[in-house]
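In the two complexes that follow, chain A is the common piece, with chain B as its partner first and chain C second.
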Partner chain A sequence: MATRASSTHTPRAKGETLHDGFLRHAGFRWAKIAGGLSLLLVVSYALIDITPRHNGGSWYGYTLGTIGVGLILWLTALGLRKRAMTTGRWSLKAWTSAHVYLGLSLIVIGTLHTGFQFGWNVHTLAYGLMMLVILSGLYGITVYTVLPRALSSNRSEMTQGQMLDALRAIDRQLHDAAQPLAQEDAALVRMSLDQDPFGGGLWRRLTGNHRDCVTTQAHRELRRATSTRPNLGNDPLEKVDALLDRKEAMLAQLRRHLRLRALLEIWLYVHVPATFALLAALTAHIVSVFFYW
Partner chain B sequence: MSAGDENTGNRAGAMAFLIRTTSFTADGRELVRSATIAKPQIRVGRSAECDIHLPDLAVTPDHARIERIDARRIAVRATGTLGFDVDGRPSQSAEIDSATGAELRFGGHRITVSRSDADEVVLSVQRTEAVSDAAEERDEHQVFSLAGTMIGKRPLAWAAVVLILLAFLAVPIASYLSRPREDTRNIYAVMKQRGPAKDVVLGDSSWSSGPLSKAHHGLEGKCESCHTQAFVSVRDSACKTCHTDVHDHARPERIAQARAEAGLGGRLLASVAHAFGKPGPGACVDCHREHEGAGPMQPTPQIFCADCHATLDSRLTDTKIGNASDFGTDHPQFRPLVMVQPGKHPRFERIALDRKPMDDSGLKFPHALHLSRTGGVARMAQRLGAEQGYGDALACKSCHTPTSDGVRFKPVDMETNCQACHSLGFETIGGVTRTLRHGQPDQVIADLRAFYRSTGPTVPIQLGGMARRRPGDYAQGKVYHAYFGAVAARPNGADAAIAAVFSKGGACYDCHTVTPPGVNSATGWTVLPVHQTMRYMQKGWFDHAAHKTEKCESCHATTTSTKATDLLLPDLKSCRECHGGEKSRSDVPSACALCHSYHMDEGAPWVSHVGSSAVGPEQKRKKPTAERAADLP
Partner chain C sequence: MSDSVRIAIVGSGPAGLSAAARAAQLGLSHVLLEKTDHLSDTIYKYQKGKHVMATPSQLILRSDCDFDAGKREAILETWNRQAAELGVTVAYQAEVKAITGSAGAFTITTTKGQTFVAEAVIMAIGTQGNPNLLRCPGGDLPHIQYQLDDPGEYVDEHITVIGSGDAGIENALGLAADAAQGNVVTILNRGADFARAKSANVKLLMEAGEQGRIRIMTETSPAEVRPGELVLDTRDGQETIRCDRIIARMGSAAPRKFVESCGIDFTSEDREAFPKLSPVFETTNPGIFVIGALAGYPLIKHCMNQGYDVVEFINGNRDLKPADEPILEAKFAALPGTRSVDEWLELLRARVTILNDLSPLQMREFMLDSEVRAYKAGDVVFERAAPGSSLFAVAEGSALVEVNPTDPSVTVPIEQGSIFGEVGLISGRRRGATVRAGAASIMVEVSRTAALKLMASVPAAKRAVTRISIERQLLQIFGPGLSTDDVAQLMESAEVLSVRAGQPIITEGEDGTDIYVIRVGSMIVEKMVAAKPVFLSYLPAGSYVGEMTLIGGGKRTATVKAAIKSEVIKLDGAAMRALMDRKPALLERARTMMASRQDVNAFIESRKDSFSGAVDMYSETARFLVDNGIGEATDVLLIDENLCVGCDNCEKACADSHEGLSRLDREAGKTYAHLHVPTSCRHCEHPHCMADCPPNAIHRGPDGEVFIDDTCIGCGNCQRNCPYGVIRMDSVPPPKPSLLSWLFLGKGPGPGEPSKKWRYKHAEPGVEKPKKAIKCDMCSGIDGGPACVRACPTGAAIRVAPEDFLSVARLERENG
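Our next item is the complex of A and B:
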């Protein structure tokens, strides 16, 4: 995404589409529009003399607020729009491009609308939620630009199913290889077999911190036994040791994959619920302003 | 099961176990293998030598023994410390009636005990748990994405929406609608109800867009005191419940006529405001904006005045008020109220300072002479300095006393401010000096006649003017007789003394305008009444206390003034040395409200006490303490 497929000057045939990410869509058309809008608003904010000072309740403040709420509703509509994939002038890509850049310009519109007056009230709550949505979106764009490459290089041509199957194959071999082991060693192997490769919760997923991984622990324990003995080739513990090695490598790859996917997905868990929270806070903000008018 | 197996079972049934092992192929097909073991006792374990071989790491190599007790019953006994489950209950040994049946669990394997038709004890072995956790069936979409780890986006969104709408909308509105109706709508009544007040609207403080100003702090959280009706903007009536004596700037029809016709943008804004039910132009809230932060309410910006006053004469053609839009650039010259004709019935007129008006109080007083650092007055001040608190010469404060609020000065008083030098004493009897009565010419004449009638004057009276006095000899309480020696020697001295007092060179004449008998059909000597103006600027406000860091002379040209009729007020140019318009770069940017009050009364404009501009420059321009002290009146 976000990469221009070709910089050559060969003319495109009619109907042929050149791959162009939504960030670069139509030569940054929406970036220019949103940037121009923001600049216009910043300049007009500085030039227009509102007494006693700028706030959301002046004519200028109401104008910004109206633009802001319209924009927020339109931006939210991407959630509906994205379900209908179309091309052309009002293509989904154009829509997404506008969503990104107009969403960013909302930082300027919303902040100027506040007149830099903040407090512990529903108005600032709405502002805070809006900023949360925008910043999570900004994060989303960033990881969409950066992470897919890392994700693809980590997969090394394996699909998710293949990764899981590889792990299962190692587990089966481990299970078989551990059959001759004494109960203590067998229990260590079983610990590794019983480990949920997808367990650990959100924090583990995002940080990729698996220091207390039981497979690693089991491996370490078995190593302690095998390291002092010569490898004669007939020790079942040596085989288990080698298998645990492979399992650890496989787990590491799987976990990197899970972490990258979690980093790619987490922002939507903020962006989407915060958007709806914002719509609720915005409703409360607008109703309360006119209620105590 | 084949026929051969059954035969074997019948023969060895009494002592044999029939082992049925169930496993599944990769595509989920069930495979059952049966084997008969004709032993009274069999071994269960992970070891390959066991009769029931369980390839299960949770099972020890030699885990348990199963023994036939009789034709029906078997005994199960764990060999090591790891036990097994019988019908879900952990156990080390158990006796089982095969006819009743039971379910044994060894690690991840289940062994069901039953009895065949051929009286064999059937042990059905089946793996129930996957080899490893990873081997279990999984929904790939769930486990690889965050969906398996996080609460869903939808429940999160719903929870947030419901919570916010409840806390910030439903609760305040419900509380508002259910509040008691007998609302007093008065800040004092509202404040009385503070504490466990009944009519507090729950949660509406979260609607406040900012703290209220200092004066309205008591109304914080009492939103409904001003926002009396839902969806109706704050009206003047809400303000006037407390501010009952606020009067208008001018007659409403005059204000309507004076208000400038708005431009296209202004008309558009006005129509939008009107459509949304905002009160029309001139509402209290147009100038007095609330929720702009704690502390004093923001002063009204000058644009609210300039809207009408910038081009007032084009609409109010009969107005006498000059156009004004900015103190620094567009403000008419001051027009103080001066006394153009003194006397018993003085006549006042507002005259612009450009026309150099005279202010005739009826008094003769040369400021320059009194403030001179050389000459008789200065010598006199030096002699009396210790007693009266003068310095090397007279200063402004020697005669001018500020009012208690420091805004202006008390009228100069003969007894308090002049008599120290200008004595009216004429005779000393037993150490007490008799004094002519100031302000009562008839009494003066009577006292003088009495003086001459009673006894021959052995000591002449002291009533000379100041021109021929020697410094220090005529202070209050002393009698000077150089001049009146001759007068006293004459017969009928009283009339001459009276004439001398009221004539040029006499005590009264020096300061007052005296009319001799016969002029203007007066029967006796008359003294023109004196009026001292306390406030020249009737339409604006000037506070001397706010200017005490300045020297008097920087605004009042006293040292060059030789006549009492000189009006020593500073003009517009002089004020502009420090003051400029609201947005100017001057030392003291001054909006209209610094000096003028929209709701004009005798008092100061309310903003002059709180406006930041009144404080800032004073701090900025602070002089050394000694110098300041000397300047203080």
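Our next item is the complex of A and C:
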């Protein structure tokens, strides 16, 4: 009885609302494929006898290298896939899932391809860059798993724009409330008003260390003055004090928001440029290999 | 005064005055009886400075008095001057008490004891003297008034205007016009749209609402009047507002007792019925004529034309055709047979059930807004899935509905007099089936606006449409194997109930075997476990509840209450039982549904002891979603904030799939337990946006998506009407360079919606593109489905139908 009796046409199958994240996509399909591939390669590496020893130049090494290049090119294509909104039954989530697990399998493929021969040359440079890309990706997976909850909780239904608006509104009130203040107190408020909430540089953004925040300083200074006086309810300093309190809370929320956003994005500034460097090194690696063949 | 006159005219409004002016012009002896000391009291009593409109604009004015849209004062001045110039004989302070006698010698007695003798009487008394009263508890309190003379009189008051017609809107606008008066003005509308009012008024009202000068409450009706307070039934439950004064403008009805005492019959027993009239406005008492609002037509232009016409008729000019005759003639010209306009009108009125109660005058006005067409047998009237929201009535012949899309030979007939296409009126869905003419037929196509107007002004038409749509709905819900006769028997015991948000229709532990069909809105099912209500399931419109006790006996096992303001059809348990006994297939289907419901109950019972945070959390989450309008959604975008990394790729994908404008705002919206409802269309079961779209550009597509077509005029009504703020008004940005040239050459703004700055810089010079309403269309027509979901890299964005999402089965799956 609790079912819809009229059969309206819906393109969605029942129960499809049970959703998984990119890591669990389709019952870990890509984890299984990538894991299986890695296992197969490790076992075959152990079983196949290459003389004098495993290296990138053997038939086995070339096979691994070809798979590796193919994968790297395909993994890079995620950047295009994400931005090209073409039609068709594809899902970026499935792509991400495959990207993550196949990317991780490159650790095995790439390492076996080297035959554990490293040196100070363009070949090892390409390997090193690949590992850098993968490591930054691993960091990405970690923050994508851990941080979204914190981002959502900290927002408490406010958008970034609303947080900035709220901050601006407090600043306007501070500006008005500071008019009757003495000059040195007003200077403290001005310090806070002139502050750029985005300022402080990358390190500060990532660590969330804002101990020398001028608003906090101004607040502390004013507190020192107001704490010794009885609050008669008409002291303009008390009003400014309350506003600075609110501003600090708002700033803290905004900074946490910006910090989380930064942590979620910063790795891409390594991942993507390193990918392009990798592609360049890889080209050099391939060209030189065939040049000296 | 006992000199006999040729014509006595009662009432000096636009109709009476125009009649008197015609009589004076023709040199007929006449007297115009006016109960006050000035002409045209209704216009006189309009708010000072009111702008009087001249609708319908396609109608030609034919009168000896001039009239054009303008200020109340200017119009009154013109009429007073022209009445004097034409030599109209007026008797002021003459309120008519009784009309006796018969044609040729009527005696009219006034309250002051004067008598007038006339050969013919024209009654043009309007209906303003008899307003519809507020009928709720406290409706007799002194701060309720039915008229507003001067809105400038009231200062610093909380005033509530009740009524969705022009009078109500104009009063509300007048009261809120001057901010210095400090009035807090609220206007209540029982329905969702202002269909009865003139569109210019509605526009002004919407503007005032947007600027915050007037609070507009739709789907709201007064529940109780208290001194200083007003209790309201709103879509989302009861609400009490401060209210120092109530201005009730809920229309008016003919002063029936007096009219009947003059020997005039009415068309029906309805409170809002009109006197029976011949095509020349003659009543059932020969010699007495009725024109104007009393005859069922309240617009000034029509009244004035009728005044002119009726005097011509009385004077023997029986061949005079009404002013709108050429327009109607053209409409009927293509039809077979050689009938006159009047004959056609009478034929349509008599044959089509929903038009039965219309007076000839209302028929004329109705046909001005409608089309009539002839079809040969087998001609397609409309195709399945074609857009269209008009209502069709079969005037002659029959229609065949192809109920099975794969086999056109399976049809259900719709007989002469009935209607079809009524679903479009309610939810604006596309045509559900192809309809053909069964025989050589004549069909009337009524535009959605005209149909809504008809239903709002003729209660009998509304009842007929409601009855037919309920019958069809029951037939659809209880499925195949049932005949219209079976349903007709159910209908006898059926009762349509309106349910407030949160009000239960079934309470756990009570007796009862009645069955409830959800017609409009949605319900939630809850069960008390350990003194806490646990959310069991969600029932969308089109489902039914209550058969468990009917089949299995016992007491109600769960509480069913409205998620939003809803309408249910209550079917008598015994009648339903009798039907089930006769139709075993129906019983079988009900048993299957009951079994699945019992499974859910059993599941909850089995978890009773281990009821942990998980179930509480589930109930709370479900309640949060219902509070956020998921209760009326058919498809909604949700974001799991455990997964969302805030990349906004959903918004970018949306923009890139739709002319460069995003239809969703990911970050805005409510969140509960990391489940986020972004600002994006819910594709409501009964879309609020559709309520008042002048070009009728909002439709529902085959997959249930509500979309706006190219005929949008950019008025912004839908944006104002949407309670979830998901419609934006914007113009299409200039085309962007391709993705690759952005990627490699840095050309253009990149994926997603271009910035205002870029758009401004790259706009075609000198061309201003219009701003139109844009909203989510569920990526209809785009292979692969909604772009927002496809483009989410982490799987945080999902689209769900509430009945899939809000079910205990989900909890079971997740725990198991």
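To be clear about the criterion, the second predicted complex is superposed on the first by the 267 of 293 C-alpha atoms of A that agree within 3 Å, B and C clash if a C-alpha of one lies under 4 Å from a C-alpha of the other, contacts with A are read in each partner's own complex, and residues count from 1 in each chain.
Definition applied: a contact is a pair of C-beta atoms (placed from the backbone, for glycine too) under 8 Å apart; a residue touches a chain by one contact, two chains touch by 3 or more.
Since we're looking at a predicted model, the values are computed, not measured.
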>> Going by the contact rule set out at the top, does A:160 touch chain B (first), chain C (second), both, or neither?
In response: both
>> Between chain B and chain C, whom does A:224 touch in the aligned arrangement: first, second, both, or neither?
In response: neither
>> Is A:211 touching anything from chain B or chain C once the two structures are fitted on A? First, second, both or neither.
In response: neither
> Does chain B (first) or chain C (second) touch A:261, or do both, or does neither?
Replying inline: both
>> With both complexes superposed on chain A, which partner does A:91 reach: first (chain B), second (chain C), both or neither?
In response: second
>> Quick check for you: in the superposed arrangement, does A:149 touch first (chain B), second (chain C), both or neither?
In response: second
> Any idea whether chain B or chain C touches more of chain A?
Replying inline: B
>> Under the stated touch criterion, which partner chain does A:123 make contact with: chain B (first), chain C (second), both, or neither?
In response: first
> For chain A, which residues lie in the overlap of the chain B contacts and the chain C contacts?
Replying inline: 160-161, 261
> For chain A, which residues are in contact with chain B within the complex?
Replying inline: 49, 51-53, 55-57, 59, 117, 119-123, 125, 160-161, 164, 167-168, 171-172, 174-176, 178-179, 181-183, 186-187, 189-190, 192-198, 201-202, 205, 257-258, 261-262, 265-266, 268-269, 272-277, 279-281, 283-284, 287-293
>> List the residues on chain A that touch chain C in their complex, please.
In response: 1-6, 8-12, 14-22, 25, 80, 82-85, 87-93, 95-96, 144, 147-149, 151-153, 155-157, 159-161, 261, 264
> Where on chain C is chain A touching in the complex?
Replying inline: 476-479, 525, 536-537, 539-540, 542-548, 590, 593-594, 596-597, 600, 640-646, 649, 652-653, 656-657, 665, 667-671, 674, 676, 702-704, 739, 743, 750-751, 782-785, 787, 789-796, 798-801, 803-805, 807, 810, 813-814
> Mind pulling up the chain B residues that touch chain A in the complex?
Replying inline: 46, 48, 55, 57-58, 60-61, 80, 82, 131-135, 138, 140, 143-146, 148-150, 153, 156-161, 164-165, 168-169, 172-173, 176, 204-211, 223, 227, 230-234, 269, 272-273, 276-277, 289, 292-293, 298-299, 301, 303-304
